[in-house]
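Below are two complexes that have chain A in common, paired first with chain B and then with chain C.
Here is the complex of A and B:
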């Protein structure tokens, strides 16, 4: 395990050095994230300026939702953004390289890239949460801050392992892009819209099968004292369990997937 | 014409290979339409008069945005194609082809647009009419006007994407800018929220940009919320088409000279 961690650190170090070659790319990427987030928040602002709230969630509460998602998403954006492109690696036969080396293919795949853009997510997320915190006049206890921090960690694990799990489907069906798009679409809505906007059945389905709401929505219902979309007060505390199950599933899927894998032959 | 048919046939064959892909994409369109319709319904319940139009019109607007998106987004391929060719240095080969470059870029997507129309837009539209209760066009005239307007919108979007692609000739790599560009295009085109809900100043700025001709104009025509007469609205949009494509042509001619001077 320790050996693997050290190796992973080395891979990431190489990826960072490779990225350093393109500095203007970094600035443009940062600018991109800032504009993207600003546009999304403006859109919500336009709506809520007229309609005051979205199922009981006011503008600053949604900013908080957005900020918390960004923070929780930043590890994925920095380190694991490329996991969603496993399909292309398989189609172009790049995966074969990993198999020839005396090292875990999953580790090589995970350690392949580093994206600065995740840093912008982190910075922007922290400032969004801080601003919303001030506007909402909140005063969290250390215990609540601890809960917030843990929720972010579990959220990050849930997002990363879930996307890894979905992309592993391409070992079998060859092209998992549509499945991934469906999942990512839910992930794009999570930061901006509380789960309450959906009908009850869809809320249950999304909570159970596309659990991105654990990254921001469920912990915030606890911290902001709101009823959650399922009306079951224990649901937000399932996050560690969901994280553990998804991690185990994604590892198993990778192991099985590699066994089932037949090269594209290109 | 035979080339076009060739493009269309290959596009359909490509789509037929990946069936799971087809069903899942459809599901994802359904989900998005459902989500957008729910959001508008919730907002409407809070203050029914803040829309300026009826709930049904508003939901129709939102759902149309989802339905048109896959088609409109194919114009982005002109952008990524040019950028890729520039990056790999193959753009000279495109110049040698006995085809007008802009026409070639536009024709490349015809096949895909047809596939998307048959496999995504039609089933999506039926789903939306049956289950989400969106309205049909008010009359055959407004249906026809909507069709024309979508085509105009497509051309405007194509022109903008073409120009952004040409940026690659100057900056060599545009991939990192595309995020910001896509966000702005989504925002200013009225794909998600109609321009009349914007605050006055922002609405005025966005209204003066070409992006609103992409989604906002056709979708307001469909729900019958256009403020000018139908003819004026369409002619203004046509003005944007001509303007954008003319600028494209000029920029392209200058770029061509630039490439020639560098001498591949």
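Here is the complex of A and C:
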């Protein structure tokens, strides 16, 4: 296990060194971080202009919703952003080299790239949460901070494993792009809007089948003392279970997928 | 106990049928039809430690599919495959330590960073002891000239250099078996010779077993002792490279350069193939007449300036086999 973690670190190391080989791209990436931050700020500004309140969620609560999603999303953005390209790797037979090495193919695949622009999400997310925290005059106990931290972790696991699960469908159905785009659309709405704005049916669907709301919405309903979209107080505490189930499903899908892997022609 | 054991190995793929026509394409969306493609139809062979085996076949014959099953990339549909007592796709980690693979069409190295960086990472992945790592690097410096390009990013290497780097990467962990999937494709003649020499040296000094897939017949002739021909998913020949000529075609060609123009060139023992100016090509059956007999006959009858004997090319033999299947004589030679 330790060997695997060390190896993963080395994979990321070589991925970073690969990026650094291209100075212009690296510098452009730095610029990209700044631009991304500006975009994030603008988005907040738009929210400010549009709403003073959204189904019982005040402005700073929305900011916190957004910021928390960004923090929870940042591991995926930095480390696993390329997961959705699995489809291309499968179709072009690029997994072959992973399968002939004495190392978990999944580990090699996940360690393939490091997207440092994701740092912008992390930094901005922390700032947004900190600012909202101050404006809302909150004073969380260590227990609540612990809950916050755990929710971030489970949220990140949920997002990564769910995207991996959908991407792994490519092993059987070729391109899973359409399905993935559909799923990612929901994920883009999650940071900005509390589930309450949707009808009850949609809320149930999103919670049960596209569970990104566990990254920010559900934990915050607990931390901010709000009723959640399903009106069931135990739903937010399902996060660990959802994370575990999705992780298991994605690992099984990956393993079965490798058996069904047909590589490319030559 | 054979090092590589393959028994009734088969692989089929489910491929979506591609009916023609516009309506057919739409129908395919809602009620898709699939056909079963049998890429490998139950092949069996055994390779002993230290053998240099060539794997030959027309495009689409099932060569790559077989290699991929041997290396653990694909899971067989039926049959058994064992490399050094391990089932490749089931014991992937243990199996990977025993084999080295070079895919001619794609590199195993990390694209953007220097070769040495890739090798160092492989050292970690394979848990190669420092001593072995250093010794192997020294060997590669010696035989492949690694130090000339070890600091160059892989993407900047020419194909010949990249192939050498890939070989180094494949052998860094001192595997017992080396799989080469079309390693000389697109490579210049000098590098080809260097690669072939490297493979022969490997077997000599380290007893590495090599399975080489190639379309280049000189690879086979200069490196391999044994050859497997696969066609349409079946093995149609499994035997020594030497003696292929004698076995498959008894014909040799005598090329005669006449000193002066003559009318017809006749020989009772040989058949006239072509005549261009003063050069005459005669085909004779080695079982019925020897080259020296024919030379004596012709030299006695005509003024001959120069003569040479041509062997049938293995390539032509293979081409014949691809196109027409095995001649009846050689089927008896198979097990």
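A few points about this structure:
Just so it is clear, the second predicted complex is superposed on the first by the 235 of 266 C-alpha atoms of A that agree within 3 Å, B and C clash if a C-alpha of one lies under 4 Å from a C-alpha of the other, contacts with A are read in each partner's own complex, and residues count from 1 in each chain.
To be clear about the criterion, contacts are C-beta pairs under 8 Å (C-beta built on N, C-alpha and C of every residue); 3 or more make two chains touch, one makes a residue touch a chain.
Remember, predicted model here, so these are calculated numbers, not experimental data.
Among chain B and chain C, the chain that touches a larger number of residues in chain A is B. Once the two complexes are overlaid on the shared chain, A:262 sits against chain C while remaining clear of chain B. By the document's definition of touching, neither partner reaches A:88: not chain B, not chain C. With both structures placed on the common chain, the touch criterion links A:7 to chain C but leaves chain B unconnected. In the superposition on chain A, contact of A:31 is made with chain B only, not with chain C.
In the superposition on chain A, none of the residues of chain A is touched both by chain B in one structure and by chain C in the other. Per the touch definition, chain B reaches chain A in the complex via residues 18, 20-25, 27-28, 31-32, 34-35, 38-39, 42-43, 46-47, 50, 173, 176-180, 182-184, 186-187, 192-193, 197-199, 202. Taken in their complex, chain A has these residues touching chain B: 25, 28-29, 31-33, 35-36, 39-40, 42-43, 46-47, 49-55, 173-175, 177-179, 181-182, 185-186, 189, 193, 197-199, 202. Residue ranges on chain A touching chain C, taken from their complex, read 3, 6-7, 10-11, 14, 17-19, 21-22, 93-97, 99-103, 259-263, 265-266. Those residues of chain C whose C-beta lies close enough to touch chain A in the complex are 13, 64, 68, 71-75, 89, 92-94, 96-97, 99, 101, 103, 105-106, 108, 110-113, 117-118, 121-122, 124-127, 153, 182.
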